[in-house]
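Labels run A, B, C, D and E following the written order; every chain starts at residue 1.
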Amino acid sequence: MSTTQSPPAPGPAATSSLEPAGPRRRRRGARSSDRGASRAFRWLATGAGALILILLVAVAVFLVIKAWPAISMPSDELVEKVGLLRNSSSLLDYVGPLIFGTVLAATLALIFAVPVAIGIALFTSHYAPRRLASTLGYVIDLLAAVPSVVYGLWGALVLSPIVQPVWAWLNENVGWFPLFAGKVSPTARVLLTVAIVLAVMILPIITAVSREVFLQTPRLHEEAALALGATRWEMIRMAVLPFGRSGVISAAMLGLGRALGETMAVLMILSPGFLYSFHILEAGQQQSIAANIAAQFPEADPLGVSTLIATGLALFAITLVVNVAARAIVARRKDFSGAN
Amino acid sequence: MAQRIDVKDLNIYYSDFRAVADIEMAVEPRSVTAFIGPSGCGKSTFLRTLNRMHEVIPGAHVQGTVAMDGVDLYGADVDPVAVRRQVGMVFQRPNPFPTMSIADNVLAGVRLNNKRISKGDAQDMVEQSLKGANLWNEVKDRLDRPGSGLSGGQQQRLCIARAIAVKPQVLLMDEPCSALDPISTLAIEDLIAELKSEYTIVIVTHNMQQAARVSDRTAFFNLAGTGQPGRLIEIDDTATIFSAPREQATEDYISGRFG
Amino acid sequence: MTTIAPEAGSPQQGNPELRALLRQVDKKRHRVDRFMKGLVYLAFVLAVVPLVSVAWTVVSKGIERFNAYFLTHSMRGVYGGMDAGGVYHAIVGTIEITLFAALISVPIGLLTAIYLVEYGRGQLARSVTFFVDVMTGIPSIVAGLFAYALFAVFLGPGVRMGVVGSVALSVLMIPVVVRSSEEMLRLVPNELREAALALGVPRWLVVIKVVLRTAVAGLVTGIMISVARVIGETAPLLITVGVIDSINYNLFEGRMMTLPVYVYRQFQQGLVPCAPDQANCIATITYDRAWAGALTLILIVMLLNLVARLVTRFFAPKNFG
Amino acid sequence: GSDDPVGDSPSASGTTGGNGGGSLSGEINGVGSSAQEKAMDAWRAGFQSANPDVTVNYDPQGSSAGRTQFIEGGADWAGSDSALKPEELTQAKETCKSDAIDIPVYVSPIAVVFNLDGVTSLNLSAETIAKIFSGKITKWDDEAIKADNPDATLPSSDITPVHRQDGSGTTKNFTDYLNKAGNGAWADEAGDDWPLQGGESGTGTSGLIQAVQGGQGTIGYADESAAGSLGKVSIKVGDAFVGPTAEAAAVAVDASPRDDTRGTNDVVVKVDRTTTAAGAYPLILVSYAVACSTYPDAAKADLVKGLISFIVSPEGQAASQAAAGSAPLPDALAADAKTAADAIKGA
Amino acid sequence: MAQRIDVKDLNIYYSDFRAVADIEMAVEPRSVTAFIGPSGCGKSTFLRTLNRMHEVIPGAHVQGTVAMDGVDLYGADVDPVAVRRQVGMVFQRPNPFPTMSIADNVLAGVRLNNKRISKGDAQDMVEQSLKGANLWNEVKDRLDRPGSGLSGGQQQRLCIARAIAVKPQVLLMDEPCSALDPISTLAIEDLIAELKSEYTIVIVTHNMQQAARVSDRTAFFNLAGTGQPGRLIEIDDTATIFSAPREQATEDYISGRFG
């Protein structure tokens, strides 16, 4: 660097400056540069974030306090005192199958729902005629309008009788497959039926979020793909899906959260059991944590309630683990997220 | 394998709005045709009908024929996907896929037709295309980084590399250099000169010097006013257009002291 | 106008080689494209089937009792197989409790989403994002127990009122609001923020007037999802709000009825034993009321959705696509 | 909206005369058994119409939740399918500042219901029922069943027993019956939760009925009033078979002794499952109102007293019989209950 | 009220990456300063530090001083919002607000700041600014239509109108004409010539003719290689730079036959 004009000394106008210009080497910029209303707004927003953490800590503390009597009590004593544990040897022994059942049901639901949801989101965003699309989107949103009690009723009264012969057929013909093994239930009040209802329930959440994300795919990128000679599907694969990837994962997490915590539908449809069983066509094999709490809470004595809340704590932990995993997936390709 | 394009009676619409009217022209093979004209006169719109990209806009449609070597691109049995593969395109705004690495961006089009491309071939192709777009030296160390991390100019050159990689017969470029610095612009212009021995090239530009430098033939578009459709005023050899245009409007447009 | 006349020849002729190239689509790619299209349409049909089935079930079973009387009367003094009783009190409760829950959740959730997208860096933001996700996994009944315990600390045991339910629902609603809003805000292009900032607009106004404004359609969708998520909750409301058979407009005092609880309780009561000589007794009355209540609830959510749609349309960016 | 769906409320008719002459006013809140809900609706309606200024709330959260909240002071009285346990009595004493009492209010026969084509009634002994529910008898045409039902045409299909998945007083009474009357065929002691692993189940009475109706060859147990069109089992008492009727239930209550370890006015029935009294149906559920014998708040005492007195009165029992299909309290028990209710007082 | 800008010891970072190093220059008031240089040399980056837009990018920060009439823009008590109001900016890519009509886009600087403005004033301001950006005639009939429906060139002119409407003291333009046709470019160049009697203008351009035409002083930036920071090579009167630059690098860059 040779010929740079050296700046002249600060002129008289500099009187207005509290801090005269001068060479100085320090890091400057961003962060604290907001002021006035902007700063207040930033604190407000940050406060809201912090409030959520506080709320969550409060819930966690509540869970731990309420669960503590059950957690801290020696197994033998607990098993003796709590009727719920009559078939278990310890609290862990009780929670284990519940965790298993909860995760199994939610996973199945997610496996059913995510591809369908992505399909519907694509349908409304990229396939359906424009004018029709928003109406069709609305139709799917209506699935979210159905309360879970109604899903429970529907699942038990309408769906179960319809799927029972199908399950029987599966059991008979594909019974070698571990999931379809066992003694098929004559009432179809089994985990697979529950998983289907859960899938229907979480479908609108996943669909709605995915649809919005897909709609936001920049035209530029879609056109880039088309101009390269991509078919519509290839365009979607090249531009739309990668762009919406993190959004879809978030949506799936929302759905998973709902599936994990869903109470009524499971409660009203499933014949529960406390086994580590993959037999999703057999009655009395699995149970979900949330439904179990709802089922047992009314007739549980204080120590029983404590035990149930301990299972709630376990559900909390599951959600934590699942989210860690999801986050890891998203973060792995963060640079490629397409977000600015 | 360059191709001749004949356009006849072409009207281009956005829903009910006729954006471009009554185009009739021929694009010669193995040559560079430049489109010039004021903003909004429909250069981009017309360009996009040449590879059927126009129709991806909802409500957009055309009337008339665009024939490539006598085959009507809008014929009933012609697949738009095949058309676009033969007629490549570079857009006004750089648009690399943000979710792909630089190398994958270059290979994006190639992968569509040939999924199992060997690693060596792929590397060669990436290198060749990027060199062709004068980007190789700048990105050779970070081929696996996302394409969106490049500067605007670098991104545009990446898009050019991507379009070149599919080896189309015709290459459409919509102001490809408007985001480029002179060095890259020069490189692209050189590239265009090189490519025209084999390909048919159509380029939209605002830069008349550029049109004069790179093109063999120049088409001038104009529009009577806002809401009016754009029209082709004249098309001729570049030398003729810039020295002795037939139309007064062309003369007026060109004689401005534009850059 | 001087143009070079196009080469003669009808489009049916022309270069046969090129013609083949343009017609000959890669069969496999074409098939994949068609197949995926089929799948996408199938997905849609697959979702519509249960929807139609649920709708048909609820409407066909609920329509009989669903009338003006049902919508405008409470259950006070109704018991047994009486051919009487309605859901007015439950409608009041559902709307008040849900709206108040939204009133708590939407500001908190939206501000949090704004924090995460516009300001959040570092540890706090990471924790918030993470724990919001965790929060989606709180079982609803636990949320109810939590809200009950929270209020019991201050107001003593046995506290039952609408707000407690609203707080319980908020615990369930907030993460949904945050998560969906966050996604929508992230989709607002940075260019727009920069354009506004460069005009000398302070950050908070940029957020409110540009970012929120641009994302409003998605935000409304997200909020509707969250409302739909909680409006059908049963278990937490039974614990926190209790049940009542009379109309109570006061969110801050006394029990309230809500539609899902109403539906669940009616259903749980099961058949009524009617003596053969009892003329004014309907054995299936509780089931009839349950279905009609479900129909009411669905219609309310649909109505809310419709309003939200109109709002969205009103604010949506009006571009040509 | 209108708070007068029935159209006969005293305030609507403009006068407070007639039967609305009650002098009570105020509000009381109860929590407890959901089995009592249907009956409670009828009682509340009756009590409130007699006392127009009174509001009675009842949250059917479950017996145990009701007792817990009563002990915590969160409920003025509780409805419970089982009487307070000794330790609960001690805890309740602190809240009440006096003895807590149980008053029987509701007796219901539990029917063993089944869904089997062409069969509307069956005769079974407790032992056979126990074997069916524990999976030792798996076919409808099992010898044990056939022996008791010579006239029935029984298919050789599978029996699918259905139990309650949620904790419930019904399960407790049913298992108590199997345990005591089952001749050793049922080993597990009575409890709110179904003791065995696996099998079909339903939530709540309705859920269970639904499950039984939803399958073929299913069998379950539920409040008689909820049985609807399902087949009902007549159980073996002595050498005869008795069906689940209100009268038979009342006979069984009369045949059962009181729990004499309880204090005065704490009226608890120890149901004798093995009674052989003619026409008795010992598979019953006796449900209680749990209250304080003395309330710190006199007004509250009056309300609780008024409510429970109404419930155990012939009028109240008739109301619940009509609305919920319960069995009216036998005279002797009703008299004791009335004495206990009348003794409730303010401090 | 033009302002003088003095830059001293300026280093600009993206997190740990130093994109621009050791800038030392003065921007004279009431004049046009052009930045030229190859792609990626940090012209845009440097320009954005002049109105503190750089720091809105996460992790981006600066070292050194940028003083406007002696007041350090990065001083502790200086409000970046106030800085940006005084120092307007037009971006490389047109970015009108999609939710606003054309008129509202022009008024954005006022409306977004919650300032009240009478209807008449607003109309005047819209008309003036759009005329200044040579867009009035094209859009006067559809002022209430969304701005995103315009062509690229029209959109960019809309952005210029928007920036002019706030009447800043300094106007930064990052390749404002790269998406414009010659007529609009000419209008903008005229506008720049007009504005410089009152304002301080800094413009980034790849078009050396443009730099030569519009600017009084020209700064040439260059970078030693990828990953290296961009540096200011020389700044001088435009005439000097284009006729007799002191540095060989400048000479080399300028003497290319660029357009």
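The definition used in the following text is that a residue touches a chain if its C-beta (ideal position, glycine included) is under 8 Å from a C-beta of that chain, and two chains touch if they have at least 3 such contacts.
What you see is a predicted model, and the numbers here were worked out from it, not measured in a lab.
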item: Subunit D to subunit E, fewest steps along touching chains; value: 2
item: Per Cα centroids, the chain farthest from subunit E; value: D
item: Chain at maximum distance from subunit B, centres defined as averaged CA atoms; value: D
item: Separation of mean Cα positions, subunit D and subunit A [Å, integer]; value: 41
item: Mean-CA-position distance for subunit E and subunit C (Å); value: 46
item: Length of the line joining the C-alpha centres of subunit A and subunit C, rounded to whole Å; value: 15
item: Sequence positions of subunit E contacting 2 or more other chains; value: 56, 58, 81, 93
item: Junction residues of subunit D - those touching two or more other chains; value: 34, 61
item: Contacts with 2+ other chains: residues of subunit A; value: 36, 38, 157, 231, 234, 297
item: Subunit A residues within the subunit D interface of the complex; value: 83-84, 86-87, 156-157, 160-161, 185-189, 267-268, 270-275, 282-285, 295-302, 304-305
item: Subunit E residues within the subunit B interface of the complex; value: 37-40, 44, 92-93, 137-139, 141, 151-154, 175, 178-186, 206-210, 213, 226-227, 253, 256-259
item: Subunit A partner contacts - residues on subunit B that touch it in the complex; value: 51, 53, 56, 58, 81-82, 84-86, 88-89, 91, 93, 95-101, 108-109, 112-113, 145-146, 148-149, 159, 162-163, 166
item: Contact set on subunit D toward subunit A in their complex; value: 34, 61-65, 68, 158, 160, 162, 165-169, 188, 191-193, 195, 197-203, 207, 210-211, 214-218
item: Residues on subunit A engaged by subunit B in the complex (per definition of touch); value: 130, 218, 220-231, 234, 238-239, 242-243, 245, 333, 335-338
